[in-house]
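Read through the structures below before going on.
Each of the next two complexes has chain A plus one other chain: chain B in the first, chain C in the second.
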Partner chain A sequence: MTFTIYELAAMQPALLVMIAGLLAVGLDTFVPSKTRIAHAMLCGGGVIAAMAALGSQLYYQRTAIHAFGNMLVLDDMACFLSLAILAATGLVLISSDADTTRRNIGFGEYYGLIMIAASAMMMLVASNDFMTIFVNLEVLSLALYVLTGITRKNPRSNEASVKYLVSGAFATCFFLMGVAFLYGATGTFALSGIREALALGLDSSMARVGLGMVMVGFAFKIGAVPFHMWVPDVYEGAPTSTTAFMSVTVKAAGVGALIRVLLIAAPMRSDLWADLLWWMAVATMVVGNLMALQQTSVKRMLAFSSVAHTGYALVALATMRSTDETFVPEAAASALFYLLTYTFMTLGAFSFLIYMGHELPGKDGTSEWQDAETLSDLAGMADRRPWAAAMMGLFLLSLGGIPPTAGFLGKFYLFAGAIERGHVTIAVIGVMASLVSLYYYLRVIVWMYMKEPMIADEKPHPSVAVVIALAGLATLLIGVMPGAFIAAAEHSIAVLR
Partner chain B sequence: MISYYLLFAAALFSIGAYGVLARRNVLIILMSLELMLNGVNIVFVALSLVPHGVQMAPGGHVFVLMVMAVAAAEVAVGLAIVIALFRTRQTVDINDLQMMSG
Partner chain C sequence: MDPIFLIASAVALASAVNMVTQRNPVYSAVFLLVGFLAVAVTFLSLSAPFLAAIHVVVYTGAIMVLFLFVIMLLNLKPEELGAEYPIETRAPIAVLCAAMFGMMSWAILSDPSLAIPAKAPNATWGSVEEVGLLLFNVYALPFELISLLIIVAMFGALVLAKKRLSNVEATS
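Let's turn to the complex of A and B:
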């Protein structure tokens, strides 16, 4: 196999992000440890450069780049999801300004790990071969294990990190076993090669078990029931900016890779996976929402709500096979659009928790930062921080699916499509589940607007306010003018080969 | 012949899975994870001997190298995390990790 230099263009956006991240690690040697401006400029520059590269790919290049023996392909879907991931990364870079300075996290390693994880996710959504899928899935997971435990003097952070590592590595083993079985049945790791082999009738029980195990691996990474056990603990224990980062980007990357595997490797055998995904989507929506109902910690409630939202996104994949047995790959577009809306509303909600952080007196006279976590931390904040509270209200209404927000359109598009393809039951379950979810989202708003404040010394961080404003703007913009975004999502699935 | 390799790999994988689920020491869990990964590696190598069509499919050997590199990185990160855990909690017992629940 020979490669031309031209093929590097397929990984150019991800490379830009990774180089910026690696330089950020090295930068620690040259700049004083208390200044963060150099790291922020470098990483922000990397994100913007990568966005520009993706933009030029979308608007000037237009045709997909297949590189390295078709292992990576930079097509419209990869660009769409990479742009969502980069937007989230950029916002997290701004908001993590608060976490790093409040908790004395080293800038180099923190920014570096975020950028490396982001670049692995960008390559994951462009991966067209199980070898690249595996390597990128692991690179992003390893970066996230460390990010979860990066406040290494905090016992909750350590505990979350160990739980994430052990359960993540365990799931990886099953994913790998699935890949091995698929390889044994078809003799190749390439997604298109697997499709050809399955079309030739090589769908032995080995291939079926392999496909099932691969889906278990993906279900774990995106936190779908019954593989969601790690989600609440890890999301609660991790520093809030890390939680915000992984709750949105890992979902975008994981669901994106799953879409590619299903649509390219096994489209004509949807009978093998559609029912499995149907049950998984229903279980994820129901369990995620019921568990979220019982939480008093807002951070943990948002963790379970992110499980529930995985379920909504899976509805699109589960209903790709319509009830009259035709296969409608275009259905995946509603999952892509939903991931985009979910990115901004969840990031905004977690950022609000960072924004409302306060200082707690520590053991030995020092003070320790505590992000807003419980309902009582947020009580009465509408009077003192009217704008931020209004934005949080917007994010929560959007998560609950109230018009005219992005979340409403995402859900509408998702469930309307499912009904169109004849899947009425799952759509009804989904609508009921989001009805239930309104209870716990509105409860936060009630606490913010109708209770007396219980905390007097919250210290809002200005840079987080920027993130909240931008995320709120995006949530409203997608809610009011969804046309261009829906068209982009539909186009990226339509040209998927 | 290949079925012997696969049986051996299945045994390794199962022993590892049992170790992850049943043992409480995080270090032993990490070792069990290595066993599982090695079981997967043997499956890859064994299955690359299966002829598909006219030619052999040597990709399995390459994949094993990837898995080895990732496993090494995972252990490096894992041990670092365990050290951080031990410094704050003075324990590596997975049953003691119950600060968060509900």
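Let's turn to the complex of A and C:
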């Protein structure tokens, strides 16, 4: 088997991001670490170049590029999710400006790790082979373990990092074991090869166990119940810009890879995985929302709400098999669209917590940075920071699914599709769950608008304001003009082969 | 079945059980070492010499040395090991693990096409040459991506463990 240089075109966008990240690491040697202009320009340039490459692939090239013996395929779904991941990465790069300066994190390592994780995610959603899926999953996990623990003086951050590492290693074992079982049953790592083997009747107990374990591995990574235990602790302990980054991009990448595995490797065995996903989606929506109800920390509440939103996205996958037993792969489009809406509203909400941070007097005269976390940190902010608070209100209403925001359309598209395919029960559970979620989202708004301020020394960072504004704009834009985005999501699934 | 395979697997199983039941971490590590070597012998008997060699080099060589270093650095006294978990905690975990093991064994045993073959398909199967050809042809892309994985691992370890030498941290 020989490869040509042209096959690199399939990984060109990811390569651009990866190279920018690796150069950002090296840049520390040449530029004074007081300034971050060089790092920001390099990484921002990488993100924009990769977006341009993806755009040209989508609008001029149009046909999918299958490369390296079909291990990597740059098709419309990979482009769609890569663009969502890149948008989130770009926004996080801007907002991490605040985190790195406030917490004395080196720019090179922070930007570099984020860029490398983003490039691994872009290759993950383009992976068409369990070998590449596994390696990319590991690269992005490893980068995130380090990012979680990067504030080394903060014990909570260290704890979160170790917890993430241990539970992530556990999930990796499941995933790898599942891949080994699938290989044992079918003799190949390629997703299309597995489908052919299953079609030939090589449908052994081993393949079933393998598929189940692979799904457990994915469920861990995207934080679906019952494998969500690590989510609140890790999201709470990590620096908030890292939390924003991983809460949106890992879900996009993980759900994207899961869609590809289900649709390419095991479409004809939807009887095996559809029920499993049904229960997982219901449990994730219910547990995520009920746990979020009890949180007093807004950051922790948003962590549980991200678990709940994983459940909503899984509804689309679970209902791909309609009740009259036909398989409707197009249903996955609503999961893709939901991931896009989720990206901006969650990123915006976490960014608001960074924006509202304040300094706490620490030991030995130094001050320690504290992002807004509790409800009392946000009390009365509508008077002091009316624009930012209004934006936070927008993100929360969008997360709760109130029109005319993106979140409403995402949920509407998701549940309407589920009912269309006959799955009324799960749609009702989903709508009930999002009704429950309104309680804890509105509670934050009530505290912001109806309480007296308790904190007077918040120090908003201008670059985070940019992120909040952009995320708010995107949330409104997708909410008001969803047509193009829904069409792109549907096209991505339609051409998936 | 091959007697070497049977003996090696029995040794591997016995040392694995001993590894988890020993209280002294050094004993555990030594039993793990024996288990690794026994697994390497089973690989040999299944005509996978490259895998056997790599297993010895990486696991018995590198990873065991790492384990022993950590154990020595921590230098835990018996009273620092902490109390055993009560049986109520351990029993459900044991049941869960047994169920997992049972499911996996059932999956393999109930598959008629997976009876362990007595001989390798051909003489060079599993040799260094065959593995190398696969690795640098079919799996060239994942192989190259692993270099990124190693860079991230190395770089992450540096970031988390370095002394506070960078200007940013020193001036804080």
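In the analysis below, the second predicted complex is superposed on the first by the 497 of 497 C-alpha atoms of A that agree within 3 Å, B and C clash if a C-alpha of one lies under 4 Å from a C-alpha of the other, contacts with A are read in each partner's own complex, and residues count from 1 in each chain.
What we mean here is this: a contact is a pair of C-beta atoms (placed from the backbone, for glycine too) under 8 Å apart; a residue touches a chain by one contact, two chains touch by 3 or more.
The structure presented is a predicted model; accordingly, all values stated were derived computationally and were not measured.
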| item | value |
| --- | --- |
| Touched partner set for A:Ser463, first chain B, second chain C, both or neither | neither |
| Partner chain(s) touched by A:Met131 [first = chain B, second = chain C, both, neither] | both |
| Partner chain(s) touched by A:Thr188 [first = chain B, second = chain C, both, neither] | first |
| First, second, both or neither for A:Ala180, with chain B first and chain C second | first |
| Which superposed partner A:Gln370 touches (first chain B, second chain C, both, neither) | neither |
| Partner chain(s) touched by A:Ala160 [first = chain B, second = chain C, both, neither] | first |
| Touching partner for A:Leu142 - first (chain B), second (chain C), both, neither | both |
| Which superposed partner A:Arg152 touches (first chain B, second chain C, both, neither) | both |
| Residues of chain A that lie at the interface with chain B and also at the interface with chain C | 131, 134-135, 138, 142, 145-146, 149, 152, 161, 177, 181, 184 |
| Chain A to chain C touching residues, read off their complex | 1, 3, 18, 22, 25, 28, 32-34, 68-69, 71-72, 104-107, 109, 112-113, 116, 120, 123, 129, 131-132, 134-136, 138-139, 142-143, 145-146, 149-150, 152, 161, 177, 181, 184-185, 202, 204-206, 208-210, 366 |
| Chain A residues touching chain B - in the complex, by the definition given at the top | 130-131, 134-135, 138, 142, 145-146, 149, 152-156, 158-163, 165-166, 169-170, 172-173, 176-177, 179-181, 183-184, 186-189, 197, 232-233, 236-237, 294-295, 297, 300 |
| Residue numbers on chain C that touch chain A, as the complex places them | 103-104, 106-108, 110-111, 113-114, 137-142, 145-146, 148-149, 151-153, 155-156, 159-160, 166-169, 172 |
| Partner chain A, residues of chain B touching it in the complex | 13, 16-17, 20, 26, 29-30, 33, 36-37, 39-40, 43-44, 47-48, 50, 52-53, 57, 59-60, 62-63, 66-67, 70, 73-74, 77-78, 80-82, 84-85, 87-89, 94, 97, 99-102 |
